[in-house]
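Following: one structure in structure tokens, then a few remarks.
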Amino acid sequence: MKRLLITGAAGNLGKILREGLKGYADVLRLSDIAPMDPAGPGEEVVPCDLSDRSAVHELTKDCDGIIHLGGISVEAAFDDLLQANFLGTYNLYEGARKNGKPRILFASSNHAIGFHKRTTKLDDKSELRPDSLYGVTKCYGEALASYYFDKFDVETVSLRIGSCFEKPRDRRMLSTWMSPRDFISLMKAVFDAPMTGHLVMYGVSNNRTKWWSNDHAELIGWQPLDSSEIFRAEIEAAFPVEDRHDPAVIYQGGGFAAKGHFED
Amino acid sequence: MKRLLITGAAGNLGKILREGLKGYADVLRLSDIAPMDPAGPGEEVVPCDLSDRSAVHELTKDCDGIIHLGGISVEAAFDDLLQANFLGTYNLYEGARKNGKPRILFASSNHAIGFHKRTTKLDDKSELRPDSLYGVTKCYGEALASYYFDKFDVETVSLRIGSCFEKPRDRRMLSTWMSPRDFISLMKAVFDAPMTGHLVMYGVSNNRTKWWSNDHAELIGWQPLDSSEIFRAEIEAAFPVEDRHDPAVIYQGGGFAAKGHFED
Amino acid sequence: MKRLLITGAAGNLGKILREGLKGYADVLRLSDIAPMDPAGPGEEVVPCDLSDRSAVHELTKDCDGIIHLGGISVEAAFDDLLQANFLGTYNLYEGARKNGKPRILFASSNHAIGFHKRTTKLDDKSELRPDSLYGVTKCYGEALASYYFDKFDVETVSLRIGSCFEKPRDRRMLSTWMSPRDFISLMKAVFDAPMTGHLVMYGVSNNRTKWWSNDHAELIGWQPLDSSEIFRAEIEAAFPVEDRHDPAVIYQGGGFAAKGHFED
Amino acid sequence: MKRLLITGAAGNLGKILREGLKGYADVLRLSDIAPMDPAGPGEEVVPCDLSDRSAVHELTKDCDGIIHLGGISVEAAFDDLLQANFLGTYNLYEGARKNGKPRILFASSNHAIGFHKRTTKLDDKSELRPDSLYGVTKCYGEALASYYFDKFDVETVSLRIGSCFEKPRDRRMLSTWMSPRDFISLMKAVFDAPMTGHLVMYGVSNNRTKWWSNDHAELIGWQPLDSSEIFRAEIEAAFPVEDRHDPAVIYQGGGFAAKGHFED
Amino acid sequence: MKRLLITGAAGNLGKILREGLKGYADVLRLSDIAPMDPAGPGEEVVPCDLSDRSAVHELTKDCDGIIHLGGISVEAAFDDLLQANFLGTYNLYEGARKNGKPRILFASSNHAIGFHKRTTKLDDKSELRPDSLYGVTKCYGEALASYYFDKFDVETVSLRIGSCFEKPRDRRMLSTWMSPRDFISLMKAVFDAPMTGHLVMYGVSNNRTKWWSNDHAELIGWQPLDSSEIFRAEIEAAFPVEDRHDPAVIYQGGGFAAKGHFED
Amino acid sequence: MKRLLITGAAGNLGKILREGLKGYADVLRLSDIAPMDPAGPGEEVVPCDLSDRSAVHELTKDCDGIIHLGGISVEAAFDDLLQANFLGTYNLYEGARKNGKPRILFASSNHAIGFHKRTTKLDDKSELRPDSLYGVTKCYGEALASYYFDKFDVETVSLRIGSCFEKPRDRRMLSTWMSPRDFISLMKAVFDAPMTGHLVMYGVSNNRTKWWSNDHAELIGWQPLDSSEIFRAEIEAAFPVEDRHDPAVIYQGGGFAAKGHFED
């Protein structure tokens, strides 16, 4: 792969991939609206506001693949999501369509299905039940990806990411955690796959508790190697036992499902 | 029912309901951004731009039900859809949430699933496959409705409308046609139902060809009475035989699925 | 059919069948623990306590079919259900097994699945979710019927009866009503069928609202002819609009699901 | 439609269609290995042995549609089926492929699924369970049709025919009967449909007992109008009650499932 | 966990847990109708007849969890099952309901689904097909558990136990065996889980042959570590090859499915 | 096992088993129409043309199991397939039926489902979509096996073999490869299983990419131990990157799906 674009490169996930995908492509083109470290060898740093269509058009030129982490990744005011996530993702797909149709990894989220209970096993065909306006933007992104593949042959893997940090940060993440190492190997599996069409899959490590069946990840040969289990004792010592009547415990989306309207 | 709000009241569907629902509520509050006929008895006419949040907040006060037909109902430039359909629908749901949580009929569309082939029978659990940016806005609207019910107890029926005109306008509509009479009875079934939660259903008459199973419509007791069959001879005389290699024939979305990007 | 046994013949359903099945068999053997009218032509009246095993053994001799309506048909103290429904149904199946294995119609109930919401369409494979101890006894009866067919070749139709009265008695029954006429024709379909094995089906007329798919009823050729719709105006005038936050409205089991423990 | 080929035109089904489809196409080309009545107006009579590839190649020229009833339609010696059904159907598909790819109605049979019990409701996705070597040839034909559509774009409707006679001939046919009138209207629905791809459906009238869900028939707009019910009294008077331990009663395939090997 | 009640503590499974759960709770309250060893440190020994409601009410006070192994665990006379399993389990749930609603592990059994064939893969949604009166009592227990959760918020894991012994005791148990170690870890997973609602799962080790998918066990993070494979040679040497026409081999329930009525 | 017949013993798969199953049965009876090495200890070499019924009748005498690899295993002219695969497999099943009904391993193929896309996960219930006339013969064989079990109690495992060679031979085989070692252990699992009825399963190693769920293999306790992953570097170095618009890449059947008619 010659050039791989990563949007949202200044964020947590972006930094993991900037480090982890070093050398995977000849050039990593790193983009964000926030400040980024200067380009190192094999890197291009291209600041870009995703709501600026012509800027995004330039950004997406000459890429063989796009990892779209950009936009807002937490609950936010609708007007902000409108620009960053609705408009931004559209601009990105238009850029891809006009610039050679590279495959896209769309960073969807477990918050697209966060209002399912933890006592329900999901798979890639489960009903969408977003737990936040943020989750709604991810449902939108998956629908847009479906459309761009069906009509324009732009391939996407819509990855419903659990919680990707160095280690789990609370008890819920013992179930939703995806290790940086697994995230990196997943990116490679996505771009190495001979074809993907539009596939929905879950981004989660091989944790002891499993909420999500992941057939589509198996189709492209991704096998997570890590498990949150090694952090269990530490996490359980640091966080109180969960209350099963707390909406943040009942629903897969955790705190996102539990909290009220962002602006209230 | 005391007051029923209809957005998009100046459009084709809006006019059908303005006439057909006369007397169903004490007051029909009719709203559109386009000009409307002056209010008759039992009517309020309230011009409103759905992208204006405070105006929508006023619009949605004191309603016992909302039929949300407003926004753009054909393929359009994304920036226009962003205002009318993405922002507009959000504003409407926020208005409903803050103003007593009346039940909402969301006018979704068959274009949310338009890239399924005509040789596939769908139901309310079928995969979303939008055939247009317009269709993507309907996927978004259904996700938003799901969220508002799960979190805020605002009920919605997301109705994937086929083709609602006086009579079918081409051969495809022999399958997708919903008569005005059936549309009106469906509206009554939606608001008469004791509860709906968030239900996805199809808006189609009892035509001879059936692409869609409609379990959820049966749950609320809707039984379409009309069939496009009485127009078959007329339609078949007026329109050429369909070419099975034409994308407009292959896919349920018809012309929406067949055409390229709106702005190209 | 020479002799058809009806248990619970003194109850509401029993009376409907005593009248409706006149002449269907050479002899109707009518049994109950409560007083019954004296035997007319083509009738035998056999008082019996279903918890008395040897009495039930005698009762079930020389029958070609059994309609088992006996036992308690409302919520009750567990100890009463233990005798009438748990022990009584076992005694009946033992009697049938030892006396020539006539086919059995087991009067199950919608209360075996009453904790499903009204916004969920069920079929014969839906999860059991009893709404009462009474409903639990019906789950037990269906399991017992399954066992007696698999091991002893005693056939059963487990009929999850909705609400069988002359007419609906509240708004919920507009959905669950089965007319006496349809109930009678269903009994004939059950005993006329060449084979049934153990089939679960729903006993409900062709009402406008449909909560239950009834494939198994179609397998034996039952077609309900009546609809509650003719009583709608009368019922809606007599009963207040349902409150969608009332458990008796939310759940299919209605009041059975809503009320607390019987003995509290 | 200019020319419609019917193979097996000398048989029972062929005669029904020769009469019933008069005028549906400009020319009916009628073919069989057995003697046929001479051609009337709008007819061509073309004797043909389906196992003769070059003859079939000629036979299939200049047709806009093919109804393939030819071959052996009862249980038979394998060597005879090898020629008539295996080789004959292949020759027909090769002829169609090379001669303009007209749509094909393949006369499959309920005997392709005849080892399912009568207490099981089937649909178009049910497991194949042939009840005879004849039934195996129908499974083969459906597989061949799938292949010719996927690879060569030759469309087929594989119709699992129940029992098509003037009236039912035994008690089982009260469930499997398809009236000649319904069969004829089904043929028109098949060839009038804008597209079919490869669809499996069931050929059965609107009888009281229903073993088969028929979604695909609805997709092309076929609605059977007749029911075997009008013959019930006559049939039940003429044939003894069915024994539920008789394999001919247990299995949907009836006598085909019950009998042993053809040549033993 | 402060106090964990184990009923049926004098039985095989009870002894395994008495030893294996030492220290898991501050106090293990051990109860049975049969004699038990005297209480050791961290233990309470409370003899109790489960059919004695007030005794069970006392027994279930001040517990944080209940493992309900009590009752009869083999095929038995119905009248004995009526007291021990029907009444006993009801008494236990009533006790739990009135005493703070601790979570319950209900020892269900593979005999609740024992009339499925060994050539059928089951999951938690598979049809109940009990193979014995004992199996019927387990279907009842699962239904009761469902009811107590839906109505009273008493959580249960209904565990369909295979065969829990030190090692497999016949060839069938190579498939159904659960090691004591796995059983113990499963108990911990059940009571450590943040929420369970009512979940049905299978109690079986990671044996080479797998009859049961176990999604719900994954939801609470149980991973069996043992396999019967290490005993295969020993078992196959000791027991004759199984006869595939023997009902004890055909059905998952083994000998329970094969034998006739208990009292005949 | 006393005598195990292997047809097609001179082919690639046959040679693997001749070597790998040495000692598994007292006698391996090896048969092919092509020349074979002379019989070694514990071997019988029996040349046979599978289209010769009486020869096959002799061949199948006194066997306790049959591994049917014989016939043509690549795309071929229909007339050749008619003899070798259609007639040959029938002769084999007739031989088995008349000679004691030994269990049969039928070498089906992934080409029976080869027109499914690589982005679709399949299981044993997936729709048949053969990609070649060869694939059609495998659909036929599976149907024949179903029939012989349902009617004559001849058991079969229909094994849809991926690609069984020493190592993968192209990039596609990284997904479809089954190692010889896994193939051999699978054969033992098939004949060691207490019962199989008719089971469809997939013959594929534990490769990184998984297109096929294999529940039925788990039922009989087969666990593949090898993975193609150790050959990935070598294969990727030797073969160019796959083009996702190439039918040989799009469809699971690879080159079989991509090529046109054999004889054109």
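A few points about this structure:
Going by the order they are written in, the chains are A, B, C, D, E and F; count residues from 1 in each one.
By our rule, a contact is a pair of C-beta atoms (placed from the backbone, for glycine too) under 8 Å apart; a residue touches a chain by one contact, two chains touch by 3 or more.
Here the structure is a predicted model, which means the values were calculated and not measured.
Listing every chain that touches subunit A and subunit F alike gives E.
Listed options C-E, D-F or B-C contain a single repeat of the A-F interface, assigned here to B-C, on the basis that more than half of the contact pairs agree by residue number.
Taking the mean of the C-alpha atoms as each chain's centre, subunit A and subunit D sit 51 Å apart. Taking each chain's centre as the average of its CA atoms, subunit C and subunit D sit 41 Å apart.
In terms of which chains touch, the assembly is arranged in some other way, matching none of the line, ring, star or all-to-all patterns. Two chains count as a pair here when they touch; such pairs are A-B, A-E, A-F, B-C, B-D, C-D, C-E, D-F, E-F.
Contact residues of subunit E toward subunit A in the complex are 155, 194-197, 199, 215-216, 218-221, 223. Interface of subunit C with subunit E (complex): residues 78-79, 82, 86-87, 90, 94, 97, 112, 115, 125, 127-133, 135-136, 139-140, 142-144, 146-147, 150-152, 257, 260-261. For subunit D in complex with subunit C, the touching residues are 117-121, 171, 175, 207-211, 213, 241-242, 244, 249-250.
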